[in-house]
Amino acid sequence: MKAVLPAIALALLLMAMPHAGGWFHAWMPELSHPLYTRTSFVALTASHVALVLSATVLSTVVGLSLGILATRPAGRSLLPTVRAVAVIGQTFPPVAVLAIAVPLLGFGAAPTFVALALYGVLPVLGQTVAGLDAVSPAALHAADGMGYGRWRRLLDVELPLAAGPIMAGVRLSAIVSVGTATIGSAVGATTLGSPIVEGLVGNNTAYVVQGALLVGALALTVDGVLGVVERKIRRGV
Amino acid sequence: MIEFDGIRKRFGGHAVIDGLSLRVDDGEFFVLVGPSGSGKSTLLRMVNRLVLPDEGTIRVDGEDVASVPVERLRRGIGYAIQSVGLFPHRTVAENIATVPRLLGWSKEAIRDRVDELLALLRLDEPGMASRYPRTLSGGQQQRVGVARALAARPRIVLMDEPFGALDPLTRESLQASLKAIQRETKTTILFVTHDMDEAFGLGDRVALMLDGRLVQTGTPSELIREPVNDRVRDFVGGARARLRELALHRVRERMHRGGVADGEAVDADATLQDALGAMLMQGRERLPVSEGGHAVGTIDLADMVERRR
Amino acid sequence: MSRRLALPVVVLCAVGLLAALALPFAHVAPNRLLSGEARSPHASMLALAWVVLAVTSWDRWPRGVSVACTAVFAVALPWLLAGDASLWLATARATTRVQAGFWAMWLSTGLLLLDRLRAWRPGWRVATWAAVVGVTVLSAAMGRFDGVAVVREFHAQHDAFVDALLIHLRLSASTLLIALVVGAPLGFQAWRARRTGGALVGVLAFLQTVPSLALFALLIGPFAWLARQWPALGALGFGGTGAAPAVFALVLYALLPVVRYTMAGLDAVPADTREAARGLGMTRWQLLARVQLPLGWPVLLAGLRIVAVQTIGLAAVAALIGAGGLGRFVFLGIGQGAADMVLLGTLAIIALALAVDLLFQGLLAWTERRA
């Protein structure tokens, strides 16, 4: 339910929004352009989703690898440093990461992508370490005693048991990314934040409302869908 | 056959195992008993190399365990522990099939073996195979744990206080199952416990371990009757150990055939402990003995005391 | 084990070495308007410094040697940066912009110092960090870093910056206060009645999912309407844009952690202990005041730490709806293409978040020691 309702709302909004110009005009007659038309809402949504998806995939790969490395015997001594990076990194606001990326990469989607990917690593990393640490020592001891190799134990026992927390990290990472990508339109990325920022700058409340409604529905859809995946994984454990 | 030869192990400057040698014969149920911290679990874990000795060698069937690839060694030895360690994301059947799967058995062979073990460990209520560990009682979980240890028909099984966390009734029932399976399959079992009753009830031979050394090794009767020193005597329970010993003998061994007595009969296969209990309860010094429901003789209070000694 | 080079040292020194050799250290221009070039004048020297840091971190040496070397290096890096402009161009107007190499090395040095200090007692750790930060701040106050663009920007915008900082603090503090006053009783109610509590947490989690910019933006309409309906409210600052909708949105975001941690804090006392306390004749209020509050307070404090850090970050976004604060520097700078302004705002936000985080960590350590 939690996944389906926002998805339906998003689809309805996407279908209705291009035809809602008259309605917005009736609501805010003082605006000469009551409907955002520079880019279609479908295209904005698609590029927003593409940005978040690619960044989340990259942060998942990096976060998962680092988390696994830091919990192996060989990398265990890195764990405090990795934790420190995660804790300090969490205090960096997403806006700050975004702003730092701009002078290095210029305007557009690139700094937004880098900021999303970098910032998204932290929740995945944190949850991977937490999930792998929480695997019952008895199960690990039994696995060793029965002759599991190191990699086989990781793949067959540890990762399946840690999959729930790891998925929660991926979900959190994606949600934060949806929000940060919205702000990313302020540095030139084309996302659902574009109508909002343009509306705020140009005093066009209709643009703001259009962008905000769509991005809100998108965020809830992403959260709902990933939540379903997470629950499915946790139920199997 | 498991041979320990001159084993030493220190943890942080403290000797946990101090020059220990021991031989466990083929098909033997061997119990290491001792208080916690005596080094018995450490010794057990050296057999499948979860712990490495500082000095000395361990041979399994004549082969130094240090020379066998560790994963092959472990897959050939069954292993059960007190905390069970079932994989929570796998069903009962999948848990039992762990080692056969690691060894690459065929699907049919695995399925047949799992069915066999479910029956053997009395886990055969319908739907059990596809349940998840968290839905099982503690006793059922440990039955699955034992089945998992036995799954690949290992010649040797290591058990580290597997029944320590169970209630007395469940423990007795599992002990009986295990003993019966061991007798039938002639598996060599090295079993660790701190419970004297469990040690005497299960072990063909028992070794008492104190502070990293074997203080005495022998049959349960030997430990009870001929303790080598006062510490062993204290540990096996002094005079009270004789009550324990009564549980090792059957009425059949001491009864007088053909006699008649009043009172409620005891079965010829009951232990002497049971018979003594029945006498105390009925307030009699002689009871009839029955076999298959027929009176076959009598047993006296005096028979409890062994005459030769 | 004891004679080896620790893995964190290897990794951090490798990152530092790479940054020294491969990334630009600074960007130097003759003045603010001319475009200059990226330079790494000390690349080989810095690379050597990283090798020295790695060698002194060998477990064979006393820990003090590597701590001292790392701390000195942490202090030296900004000095080197500031030195560039004057040494290389020798003009007072020369401007140095910080580049990726400097940031990567400074961060690695900080993490290395953190790692080296781990075995030491808290007192010594705090003292070392205080020395590093103290010397750096003192150098800045003495004008040692005035050639660096971001410092120059700070001097140029001093008054506006202080205003923005104060506004940012005011936004964050009022959010924290309101969220605590509203959230703690809500959390207590939710804890007492689990079912309605679940619904409340569900609604708050739902709100938390909505991107901050969208929530801020959506509040503009209702607040503008309120201000039109009741001009008195408008006079109090309840316009469509500004501080009021910003604080309102920030409180909405802060409520979820406050409610959650309040519930976790109340759960810090196990149910059987609570039952025993009631059995001994404590009233519900006595139980709350004498048992649950003292034991649950650290948990709530840990929650407030998260809320505070989160709020400082989100308050930066509030600049987009005219609430001011340090985010104004960031977004104004982005709009004008003024990188120094962006950096000034960003660094200030990060520093503020770190400082508040440390403050709460200190508070937490203090309460736990007393408990």
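So that you can tell them apart, the chains are marked A, B and C in the order they are listed, and the count of residues begins at 1 in each.
Throughout what follows, a residue touches a chain if its C-beta (ideal position, glycine included) is under 8 Å from a C-beta of that chain, and two chains touch if they have at least 3 such contacts.
Remember, predicted model here, so these are calculated numbers, not experimental data.
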Chain nearest the global centroid, as defined over all protein CA atoms shown: A
Chain of greatest Cα-centre distance to subunit A: B
Interchain centroid distance [CA atoms averaged], subunit A/subunit B, Å: 54
For subunit A paired with subunit C, centre-to-centre distance based on mean C-alpha positions, whole Å: 21
Chain centre separation (subunit B, subunit C; CA means) in Å: 59
Interface residues, subunit B side, partner subunit A - complex: 48, 50, 70-76, 79, 81, 83-89, 98-99, 102, 145, 148, 158
In the complex, subunit A residues that touch subunit B: 136-149, 152, 157, 160-161, 236-237
In the complex, subunit C residues that touch subunit A: 6-8, 11-12, 97, 100, 111, 114-115, 118, 206, 209-215, 217-218, 220-221, 309, 312-314, 316-317, 320-321, 327, 330-331, 333-334, 339, 342-343, 345-346, 349-350, 353-354, 357
For the subunit A and subunit C complex, residues of the former touching the latter: 74-75, 77-78, 80-81, 84-85, 88, 90-96, 99-100, 102-104, 175, 178-179, 182-183, 186-187, 193, 196-197, 199-200, 205, 208-209, 211-213, 215-216, 219-220, 223
